[in-house]
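Each of the next two complexes has chain A plus one more chain, namely chain B in the first and chain C in the second.
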Partner chain A sequence: MSQTIKQQKQKMSFSQKLSAYGTIFAGIALIVIFSILSPDSFMTFDNAINITRQISFLVIIAIGATLVMSVQEFDLSIGAMASLGGVVSAKLAIAGVPIFVSILVPVVIGFVIGLISGAIVTRFRVLSFVTTLAMGTVIGGFTFWLTGGSTVFENIPESFKFLGQTQIFVFPLLSIIMIILVIIFWYVMAHTTLGRRFYAIGGNEKASEVSGVSINYYKTIAFALCGMLAALTGALLASRLGSAHPTGGEAYFLNAYAAVFLGMTVVRSGISNVVGTLFGAAILGILANGLTILQVPSFMQDVITGIIIIAALIFQKIGRE
Partner chain B sequence: MKKLLMLFMGIALVAVFTACSSDGGEEGTQENASNDDGEKSISILTPYLSSVTTKQMVDEIEVKAKDNGWKVNVIDTKGDAGGLASRMEDVILAKTDAIVIVSTDPNQVAAQIKQADDAGIPVFGSDSGYIEGMTMNATSDNEEMSKMMTEYLFEQLDGKGKLIVLTHRPHPGVLKRTETLDALLEEYPDIEVLTEQEVEVPGPIESARQQMENLLLANKDDDAITAVWAGWDEPAIGAAQAIEADGRDGIIVTGIDGNSQAVEMIKDGSPIKATVEQNFIGMSEIVIEQMEKVFNGEEVDGTELYAPATLITAE
Partner chain C sequence: MLLQTREITKIFGGHKALENVTISFEAGTVHSLLGENGAGKSTLIKILTGVYQPTNGQIIWQGQQTFINRPKDAQDLGVNVIHQDRQLVPYFTGLENLFLNRTYPKNKLGGINWSKMREQANALKEKWKIDITLDKPVYDLTPTERTMLEILRAMSYESKVLILDEPTASLTDKESELLFSLIDHLKKENVAIIYISHRLEEVIKISDHVTVLTGGKVTASLQKEEITRERIIHHMTDGKEMKTAEKSSNKQRSSTLLLSVKKLGTKDKKVEDVTFDVHAGEIVGMYGLAGSGRTESMEAIFGLREKTTGSITYKEKLLGKVSPKQMIKAGMILIPENRHDEGLIMSNTIRHNMTLPILDDVSKAGVITSSVEGKKVSEEMKRFKVKAVSENQKVAELSGGNQQKVVFGKALLTNPDLYICDEPTQAVDIMTRNDIHLFLQEQAKLGKGVIFVSSDIQEILEISDRIIVYSEGKTVAELVNDRIDTHTILDICYKHQKGEK
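Here is the complex of A and B:
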């Protein structure tokens, strides 16, 4: 009897492992397929570096989404926030403000707007979904007013492009910033009180409240950090492109959540986590990069990407049952 | 095991899609572009494939390139400038033979244009603008279009009349058109400008319609207004609607752009009598022509080349 239970246990853990690492297998398989089909272009050191730079924006903005999702909330304003961050930093750079300040100001603005969203959600107990959607509209309107709807690029000083276009040896500064942020937020989430509180609230809000955790405080902090990272993403994007488009960040909004959800399938517990998010963003980045190199038409790229996300979610669900 | 199987089925699906679409199923997986046995591979990139005119240009370039026996890869990033930059890097790494950016401000991908230039890959623009590092850009000449339209209008008026100008000077293209009008007006002293009105954007049709209604009320005599010159088609449509509703005859309205609603109104005998159609097909043809030259090792004809526009009238 106990033998069979033990066996079952082992079997369970095998299938769970499979589901847990299914997404990772898929990621490795993608790399193998692309390498076989395009050994000269895909499987090169240059392209590996290229991919890390391309996914850096997605990873940074998705870390913010990871934090908000860890407390079981959503922030739908991150795309608009990134657009605003880009436009504000570009405008400041044009005005002759030092580059450090022109990045810092939008980051602070993002933090403050996040605080406001978080405060509204927690104090009035309204749905974060709707609140942040409305906040995104407000931010978008503000950005449009700031730019008159046109791309900001004239007279951007060369120094502003430092963060986005510099290489240290062969490594893009953007990739290095991404890795540093991943390490910081991985540490915060895994090894600090803040991270543990986030997960505790996300796991069981009532229980956390009863045990004296200030739900409102921690949730608000999660929104503020999310806003901050979104604005930073926008500023870095503007630095890389040498221009800021009033809707330039929108494209990262859905992809950020796709990365977070893919990341949730990487761990057995199925909760949002920073390393998983990095992995999810990497899969999306590798797909976009590899399929472009293979000259797959963009509509087919969308189809393939969507199918892979759905498949990952299904595998995880099966694995957990 | 079942899961593992499903996983591999999923991956196999991707592989099949990739293999099928990377080559149209013609020949294996040798997609790599830089083969010197003559087969060229070009990449067309745009963030605005959903726009009608952009799609028209992309399709035309694609068809013509395929006629030349080139392989074509069309990439749309759905309004995402960052994505456009990333995809451009990808095709540069894949050693594509040429890049065409369509309806894109090249300043947004300035770093990638430089990267392509360093890699010896020519970058062409179609209705995009020209910056350093690109090979050339094909676009419309606003000055020429305005000249064509304005001269036609002044001919219709026999060189004399009372003109209303509906424009929007903050827009660089419309500004150029309006400045061309200003210059031509100097040559026609008998054409008097009653007033110049700034049309509000967005909502130019409604804005122009209201302005025209007011101007019609203010100038009630039959020949008090003889023509309306609009900086682009939408205000022309609004002005024509106001004139039609008022039942006034003998006022000629003109626009510029070749907007399909305006073209239809011209054919239906509305007060809009003419417009100038931007030649998007022509831009595509220029891009292909110049690309052929580059592939043959020749020089391009210029960095900013204009596709000739066509005058559209009721005839």
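Here is the complex of A and C:
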């Protein structure tokens, strides 16, 4: 019996191969294309390092989206949450608190707001889609009130830029933070009871309940962790830029979900996972970086990125059927 | 003769769902189909409505052979079915639902001509003498009104054969009367009615003809004057060997009371008055017809359904509002009726399914100890002889029997004192069925309590020490499994149904 299954595996059809490895092929193809088109600036060590720093924000916020999606929910407030995280962090830095505190406070705020979203979704059995969209509006309004609508940048102490702008040897601290978070959350999802229960709920909520999993509790935790990572992304972004815009996190919202969906086409097909998300974000990052080097106008970049995401989703679907 | 199935056989992967079924349906009569769950009624209906095609045999329509290859073909002939789960759009009004599948009358601008639509609808109401309001959205209608609306819609397609599948399941006696008078009118208009119901009394009352199906075969065909309760029950239990299983070994039950349920009722009224005890070391069978509240009462005990009245005492502790998590900790496990929706997580592996309830036991500070987990899983796979490539195979890829073994392995890992098994042998092969019976008997011998819910009376008789009979949300009898047969049990079921008191 095991033999027949092994044989089946060997005889994967072209469309199945495309589905299983298509995203990875696409990533390699992108690297090859960009290397040929601009050998001097793209295929360099510095640019590779640069890309890891560029994608670090996207990866961190997308890990949160990965967690929420693993329990079959959505959090559409992550963009607004990142903006709030950045603004709070910058404001605290200006007020003179130590950098550690100015990062920790927004992280805690993100966690608590995520708890609230999760509690509303699970307690009242309302759609997370709509709930978090509304929560995002609330957060956005609050951020606007906090800043009066303008960018926070005056009097930001140099020390605040430590996290965003430090290099350790040649490696940016941001890239290192990203790698650490990827490892932590990969481990959580693969080897802890928390991750096991997240995937169980995502696989079949009713069956998980019958098996004694407290659905509401774990779903709420997923929202809280997602909110926490979104706020952290905002704070790191503010530290990198040395300023915080009241809608600065919005750009990451859609790309985060794009990264998760692209990630679902690799590694464990059809299930959101941290390593896949890293791949997804990397492809988006390489694409943005390469197209910018080639001086493709930004509107054209959007068109190309969108088409690539749609293509990846279609290929995955074809392969599974 | 309007419609006839001639020697119809339907085979699903080696299993004969229908075997040489020949039934004739006449215009202007009510023809009832009776049989236990799985007797083949639904399969037959699906063949008549083009959902399935017969493996062998013919369908004769007005004397000529015909092929019903898809639902549209059935509709074109004039065969329509009204299902238990009603097929109406809740937010549309009656009028809109009536026209769902039809061409809307158009006005000059190409929009919908509402007044013409209403005219047509009123003419239909007049013709079929169905008096219901068409202006309310469907979610505001009572169950009877919804059934009436569906019948009206079916008749608007010029139905010649109308199949009613458990139409009175959610109706009160008075509402049922309304339906019966409508059926009477349809008969006069020469419509052939195929009637499916678990309620024997109404079947006897309205039928001109009754066909009994048992295990996919026609076991009786009764004319109007032959239709009596005794005869029907006789035929429904016919042809089954009366096996008396060897339960001698655990005849003497221990005096330790495990579970005591008194006057249990749930918020949704699916369970109204359920009372029974389970002792350590005994197997208690639960039997009742569809909709009798067996599954729902088990869910209430396990904390999956809200209870409002009565009391549940488990291991001498009165239970308040509980969750499945707490019940598993307390040593109770539910093997749910529906393996796909509640028993297993199909997209997960055998390993991840088996240890889900006991993750806290195979982990330290939230981190899973792989070696401990792996050992437990492989022990259970060996014990239940699960056929799989490895413990990392997805359960969706396993056969039904092997999936159910995984469910049992998972249950055993929680080390329960009470097993609540809801239809544990549904859709599993004979071998697995035997294994499951043996396993439960062995557990009972070890002093565990077992609740065994099944729609198969014969199976209940084979395995139970005592039998509790359910009817309409209530427990109506408790029998010691000693010289009783299917006849006795069915008789009790039907005696307690609505309309006969």
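To be clear about the criterion, the second predicted complex is superposed on the first by the 304 of 321 C-alpha atoms of A that agree within 3 Å, B and C clash if a C-alpha of one lies under 4 Å from a C-alpha of the other, contacts with A are read in each partner's own complex, and residues count from 1 in each chain.
Operating definition for what follows: contacts are C-beta pairs under 8 Å (C-beta built on N, C-alpha and C of every residue); 3 or more make two chains touch, one makes a residue touch a chain.
Here the structure is a predicted model, which is why all the values come from computation and not from measurement.
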| item | value |
| --- | --- |
| Partner chain(s) touched by A:E209 [first = chain B, second = chain C, both, neither] | second |
| Which of chain B and chain C A:I271 touches, first, second, both or neither | second |
| First (chain B), second (chain C), both or neither touched by A:E158 | neither |
| Touched partner set for A:L194, first chain B, second chain C, both or neither | second |
| First (chain B), second (chain C), both or neither touched by A:G248 | first |
| If touched residues of chain A are counted for chain B and for chain C, the larger one | B |
| Contact footprint of chain B on chain A as seen in their complex | 15, 18-19, 22, 25-26, 29-30, 33, 36-38, 40-41, 44, 46-47, 50, 54, 57, 151, 153, 161, 164-165, 237, 240-243, 245, 247-248, 250-252, 288-289, 291-300, 303-304, 307-308, 311, 315, 318-319 |
| Residues of chain B defined as touching chain A within the complex | 3-4, 6-8, 10-11, 13-15, 17-19, 21-23, 29, 31-32, 41, 43, 49, 71, 73-83, 85-87, 89-91, 93-95, 105, 107-111 |
| Residue ranges of chain A touching chain C (in the complex, touch as defined) | 1-2, 5, 191-194, 196-197, 199-200, 203-204, 206-214, 270-271 |
| Sites on chain C touched by chain A in the complex | 302, 304, 323-325, 327-329, 334, 336, 341-348, 352, 356-357, 359-360, 363, 366-368, 370, 387, 389-390, 410, 414 |
